[in-house]
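Read from first to last, the chains carry the letters A, B and C; within each, the first residue is number 1.
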């Protein structure tokens, strides 16, 4: 990385760290939400963008993470950081197991099955209402800042979430860089060729499904902190499709695209319903269609292509 | 025993709905090799169109017929404007676009007619026949008749008409179809139009049963896909059988597994389909696709 | 009388140019053959003529310009292209394949007569008339492809490597039938072949395509006895 990149990185990091102190608490609160969504989006990006598996059921793992974290705090009295870790483990295991039948299915059928998963979330949550409180939703205590920090609750939650987000971004980046990343690209673009070269295609697909679901679970858990309240209606099919729309706009197969996705998920729905309640869906639908027509690489993807071409022209 | 038969019959009625939408899905898949996630929402739009026509004073029968024609146009236009430009791109792109259509149609319905439920006039008489203690409602008879009618119509179209043969040829081998003079794009446009028309019938069936509401086909599309998948997405017979299987299994699980509770029962037929796909990914009636390396 | 008159014809795939300004003509009732090695551009030529790929130049069918028209329009004007790989409608039955070949015709009785005629030319097809075309052998599918093309009552029949993948006995059979078709039905043909021996036997006129350019042309016998051709394509030193 060049000096320019280092400086840019430093500046952004400084900005991120300083935000809760200088920005109004409402903005801090929103940015926390952005990060939670971004983490989940990383997961979906891994599954779809890197492994080429179409999953429409991401909302299920997001919900699973949120409820697991909430319930472990409420019933097991664990520290909130631990609850995130528990959520991560649970969603990884479930995702990994789900990955086994998933890799057997041709793209379209996988999409269908994950669609089934997506619509099952609400019914399952409602069914176990003894634990989940069903339709009424579950209140969760937001992390309270320790006295020595002198921070507001919003600011503290922000930093906690920021920490998890940074860790997840690093994990994801390291996973897709290097030889694993190359194997992934091979798996996505030419599975037959990859397997004939000894890449365990199916193994990777299952692993990615597990990892991707884990990120969704972590995202759900930290989403918990940000809002303090979860209910089945927040985790319906529309959420799943929104995730899809968001990472498509952000850019499939790019880790930074997840950040754009997070921004998308936090801000677009409220703007869309500002325009018109009914048209929220139309906005998403329109975005999906328009993106596929004109910018199938998403914002980050297109930017990267543009940058690469500029670099090529210079040399 | 009677109870069992009653559940079976109820299942047939529901199954007819799923089968009719499933047939539309198969039609589009066979002509353009696309799984149209938006089919249910398009059908909802058609159902609202029908309602609107009755609001304008048309009798329900005419409203349904005219809506059929309008839906045909709607399907054709959707294909030409939105689907054609991306038709040959990768699977992901196509799936995303059809999801986009799903959202767009759902929103459009809500935007035009609002999200409040509306009562819709039913074309069916309110009669119930009894055979011993077995209750056979007019709805069941009507649904089955409609399903049989659609199936027969499709069969005759495809097997006995020149147009049907052209549609099959275009679906079988696009290049060869062009080389014998079949206007290939027109065939695909027609495929989408016909599927939308079929969808409007499905929408009419659902509307006659429930109140009209933009989200009414939200679950139905999943069951319709489940039905179509039994036939590997490319068998009409498979879609009909699949629809009946899903409807009946839903009926049975409601009747015999009350412990599951109302919420989880929805999942039973879906699990059935998941099981089918895992065991035989090409569907019970489908042909295994051989991938040429 | 030229049925097909192609002048200064170029075609390719995207940025790759395969044909560079070739000129070919086929007289009514005659059989012309296009020879060349793999990659010379023979298949591209036929695909460009029938409109499947973009091209430049002029293609006159009975004096009417067809270059630039859509493939189904060109087919309706009378160009029947039996493409490489047969292109049979595998989901349709044998008889339906023949019937769909006559898709644009409206003369029902004549169509029925023609189908009979095809069965006469290709007796094996009659035996299998209700079978799905996908279940036929390679040779049978090739015959079906030719039969389907003939159902168009074409002004010119384009055949792309009809012998490809077929056993020698079947190939001889096929070419005998093609000769009959030309003689009895007076069908004009443009055949693309790698198997030069056979093709030259049935042809009246021959063209040799090398790297997208016509390097040699002339009456079939002349080409057959040309030393260069014999060395390169007929396996004789």
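Going forward, a residue touches a chain if its C-beta (ideal position, glycine included) is under 8 Å from a C-beta of that chain, and two chains touch if they have at least 3 such contacts.
Not measured: the values here are computed from a predicted model.
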(request) Touching both chain B and chain C: give me those chains, sorted by label. (result) none
(message) As a test of whether you follow the contact definition, which chain pair has the most C-beta contact pairs?
(response) A-B
(message) Using only alpha carbons, which chain's centroid is the nearest to the whole structure's centroid?
(response) B
(request) Sort the other chains by how far their Cα centres are from that of chain B and give me the top one. (result) C
(message) Taking the mean of the C-alpha atoms as each chain's centre, how many Å separate chain B from chain C?
(response) 43
(message) Suppose each chain is reduced to the average of its Cα coordinates; what separation in Å results between chain A and chain B?
(response) 33
(request) Would you kindly tell me how far, in whole Å, the mean C-alpha position of chain C lies from that of chain A? (result) 56
(request) Would you tell me which residues of chain C are touching chain B in their complex? (result) 50-52, 70-73, 75-76, 80-81, 83, 87-92, 96, 99-101, 103-104, 148, 152
(message) Under the stated contact criterion, what part of chain B meets chain C in this complex?
(response) 162, 165-166, 168-169, 171-173, 175-184
(message) Touching residues of chain A toward chain B in the complex: what are they?
(response) 48, 52, 54, 56, 101, 104-109, 111-113, 115-116, 119-120, 122-124, 126-127, 192, 237, 241, 244-245, 248, 252, 276-289, 291-293, 296
(request) Under the touch definition given earlier, write down the residues of chain B that touch chain A in their complex. (result) 35, 37, 82, 85-86, 89, 91-93, 95-97, 99-108, 110-111, 114-115, 218-219, 222, 225, 229, 233, 260-261, 263-264, 266-267, 270, 273-274, 277-278, 281, 289, 293
